[in-house]
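Listed next: structures, encoded as structure tokens.
Below are two complexes that have chain A in common, paired first with chain B and then with chain C.
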Partner chain A sequence: MTSKRALEVAGMLAAAVALCLAPSYLERGTLNDVWNVALAVVLASAWNLLGGFAGQVSLGYSVFLGIGAYTTVLLALSGVPPAFTLPVGALLAAGASVIIGLPTFRLRGPYFTIATIGVGEAVRVVASGVSFTGGASGLRMPPASFDFESNFRAMTLLAVAVVWIALLVSRSPFGSALAAVKQDIDAAEALGVNSTRLKVSVHALSAALVGLAGGLFAINFQYVSPGSVFDFRLSLTIVLMPIVGGVGTVAGPVLGAILFGWLQLKLLSTPALLNSSLFIYGALLIAVMLFEPKGLLGLVRRLLARRLRRFYVDA
Partner chain B sequence: MTDVLHVLIDSLLAAGLYATMAYGLAVIYGVMRIINLAHAGIMMLGAYATFTLFTRFSLDPFLSSVVVVPVFFAGGVLLYQTVVRRLPRSGSTPSMESLLLLFGVWLVLQNLAYVLWSGDTQSILTPYTLKSVSLAGVRVGVPALLVFGMSALSLLVLEFVLHQTYLGKAIRAVTQNRDAALLSGVDADRISAVAFGIGTAFAGLAGTLLSTLYAFTPDFGRTFLLKAFCIIVLGGLESVLGVAAGAFVLALLENGTAVWTTVPTSLQDALSFTLLVLTLVVLPQGLPGLLHLLRAPRRG
Partner chain C sequence: MPEPLLSVRALTKRFGGLVALKSVSFDVAPGEIFGVIGPNGAGKTTLFSCLTGSQRPTSGSVHLRGERLDGRPVWAAAHRGLVRTHQIVRPFREMTVADNVAVGARFGRGRRRGSDERERIREILARTGLAARARSLAGTLTLGDLKRLEIARALATEPDVLCLDEVMGGLNPAEINAAMALVRELRESGLTILLIEHHVHAVVGLSDRILVLNFGERIAEGRPEEALNDPAVVAAYLGDAAPEAAV
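This part shows the complex of A and B:
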């Protein structure tokens, strides 16, 4: 077992080093695509901490990305360097997650999901209505705040870190308690698990990670508006990626994020498909729910198991 | 004093539409314990169907409900038979699978609308759209009055069907206790198909009515879906009357804040979403629960 752990650590480190050095051996266009996939991996894996491991499906995650992005823009406009704005954004996102979570976690299953849609929409409407967000026209980052290479390194490292965190959580007693809450919340409570505290803390962890990604998002695009970061479709994509990939696993959300990154490139480069993105997402969701609720990862595992069985039966 | 009258009349008129909108959700939830997120997409489709009937065949938007309601009923039954029925049966609480599945259906419907009608904002302008009449000293738009009339009519028909026919009694029986209904020989699967059809037809009708009051795009309906949730949480699922009461409370809150407070109109929608979250958290039993609490004798 220890050798397997060592292998995993080595793999993570290798991925981190390879991604850090990527600007020296990859073209700028490819780097952009990698940045997008890394963002998707961060969002999908962070959402999966709450939605997958603890089974609390939230459709309001754009709130945390938006808080991270706006914190960075507003602080940068008053002259604070990114090294400070990012952690502040993460802290504020975590704080917001506690405020949202304390009342809504009293709700179970789909009721929680509906409440998160309500919270997300309320935040979007308020953000478009107040003046410090720049209203509907948004805010621009101060010029000369942009450095693609360091932003790229930060985003890819964050992606590796989030996957690592997911791996650690899935093996820890914390992860087991989350799994207990997911399976049967009453039984978990009876065994002494404080489900509310557990849900609030994992919500805060994942919100902080999404908040960090939001800060990097703002720096990369140099522009933030309520329509771009508090959009319902963003919350939707964040949920779709882990579900299509394989909800509740470590590899599933990564798989889903890579698939969506690839799909998005295909959609953008093929004019005929540009108008069918919602159709493709919707059809994927329907197909996964009807035929393979464990997602692509579940499908791969089932196919592998069948092949193995055939191999042994034939031999 | 005229302010009060104004708010009351406006709220009453809005409540009719809200109740129609919410009842479609309530009947599907009641019979199948499914939260129909596609409701928003179906309302949007209803608005576009009315729009097409109006522009192509110059059919009056209110008359178009004669076409929209049966077509959407059939569409709903079809959707149930082809997709929804294949879901694993959820117990007494709604399952995540059904929520996400219908979410997928919503996305597909949205894309369909983008392809068929493009993403441009559309609206329906009839000769009477901008007309208004005086009602007890309050100016009221003619479309708003007609919308209220149609909603009231649809709810009355529904009330009659639910209480006077076998079908309606079966729907109420399955809503109250599925197992007991099955034991007394109700074909729950068939009732589910019919209930899904009724829910879809009500959503289509709500779309038709909304299209006479608001401009719409393929993204239309999300705000109204959330309002509908708010209403059924407030009003409960037991009766048409409860849904109507929930609708009236929401409409009263919206109109009241618009007239008596300085909350800017751009923040109006945030109010109903906040009310939704608050009700879910504080008063999960809705208004009936509150009444029950007030009526229950206090224990020393």
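This part shows the complex of A and C:
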């Protein structure tokens, strides 16, 4: 047990070091792809804290990415350095999650999900209409505010950190309360679990992580508009990644994010498939639901078990 | 009667036009086993829901040790030492039996952590006869074990008052005897117990006093033999049959 934990810690540290040094041994194009996958890992794993561990499926996560991104752009335009804009964006995203969560967590199951769609769309419409967001045409970051290598390191380290946080949460008493709420919220409350406080807390943690990613997103693309960060398709993709990978597990969302990150790059580089991303994601989702509800991770586990069985039977 | 531990006054619950509980009042003394019986639909489970806060009573009050509980969330009742089990068992099916009990130990009144928590879980599993199933997934248990798990999780919250809702329903005679022995043992350890039970023999055998409900109203209360022979109770259960048949 303890040696397994030591191995995990070593693996995380190795991944962090390898990613930090990546700019010295990988080409710029590859680094860009890795950055995209790292963003997907952050979004999928952070969403999974609420949607996977606590079973509260939110389709409004673009709000937190958008708040993180806009906080960084707006503060950067008034001369604040990124070291300050990023945490402020995370805090504002967490604050927004509390405001959204308090009323919507009174709803259960699909009603909660539908409410989060409504909140996400309302935020997008309002953001397109007010002037401080730059309206529909968006805002550009101040010039000379971009250093690819530091942005790359920040995003990949954030990805490792989010996976680590997911691992710690999944084993903590906090995580066991989330699992109880997911499996039977009334029984959990009868045993003393304050489910509202629990859901609001995990929502805030998850929103803060997505808010951090939003800040790095703004710095990387140097441009933010309501259509790019408050897009419903973005919220949808954030949900699809963990579901395809294996919802409610630590490794599943990472697998899903790697697959989606890779798919997206393929789709963008193949002109004929450029507009078919939602079609392909939809087909993937249906395939997972029909054949492997535990996602890619479930599939991997099943294949490994079969391989092992064959190995022992043959030997 | 000593100072009551649980005090219920004029508790009423309406669902639209249906009155599920009509001004029910009673007191329960520390260490008592208090049975609640009545025909189907009499309001027994609604009474438990209103006591523990999973439903909000339309009017009336519930006091535990003089502190008002009604209208507060169900987890608040658990933190103050009033906990219930569910008639239709509600295990966390994808957790082990030990992890199910851990939820009560961690988030109930005791707020146990670490080795203290593990010790507590071990003790409760041994007490409820579930030690051998500690590592089984709750979804794989038999009904008898699931009913025991309901009790085990509730105990893990370290209550003063334990509300048992039909923990013997669906069990075979041997399992019922074991469950009755467990309830007696829990009382010996200082717990106060409210018992909803269809199984009249078990309720009479266990309870110090019983409350009989019919259509949400209290029709009798007192020592089991007396309450069961009350003409109103006989009429509610059996129409106009002979009083002896009720026991």
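We take it that the second predicted complex is superposed on the first by the 305 of 315 C-alpha atoms of A that agree within 3 Å, B and C clash if a C-alpha of one lies under 4 Å from a C-alpha of the other, contacts with A are read in each partner's own complex, and residues count from 1 in each chain.
As a convention for this text, contacts are C-beta pairs under 8 Å (C-beta built on N, C-alpha and C of every residue); 3 or more make two chains touch, one makes a residue touch a chain.
All values reported here derive from a predicted model rather than from experimental measurement.
In the superposition on chain A, A:Pro173 contacts chain C only, with no contact to chain B. Contact with neither chain B nor chain C is seen for A:Ala18 once the two complexes are overlaid on the shared chain. Of the two partner chains placed around the shared chain by superposition, chain B is the only one that A:Ala115 touches, whereas chain C remains out of contact. Contacts of A:Val125 after superposition: chain B is touched, whereas chain C is not reached.
Annotation for chain A, partner touching more residues between chain B and chain C: B. Within the complex, the chain C residues that touch chain A are 52, 54, 73-75, 78-79, 83-84, 86, 90-95, 99, 102-104, 106-109, 113, 153-154, 156-157.
Listing the residues of chain B that touch chain A in their complex gives 35, 83, 86-87, 93-97, 99-101, 103-112, 114-115, 222-223, 226, 229-230, 264, 266-267, 269-270, 273-274, 276-277, 280-281, 284. Residues 173, 176-177, 179-180, 183-184, 186-195 of chain A touch chain C in their complex. Chain A meets chain B in the complex at residues 55, 57, 103-104, 106-111, 113-115, 117-119, 121-122, 125-126, 128-129, 232, 236, 243, 275-279, 281-286, 289-290, 293.
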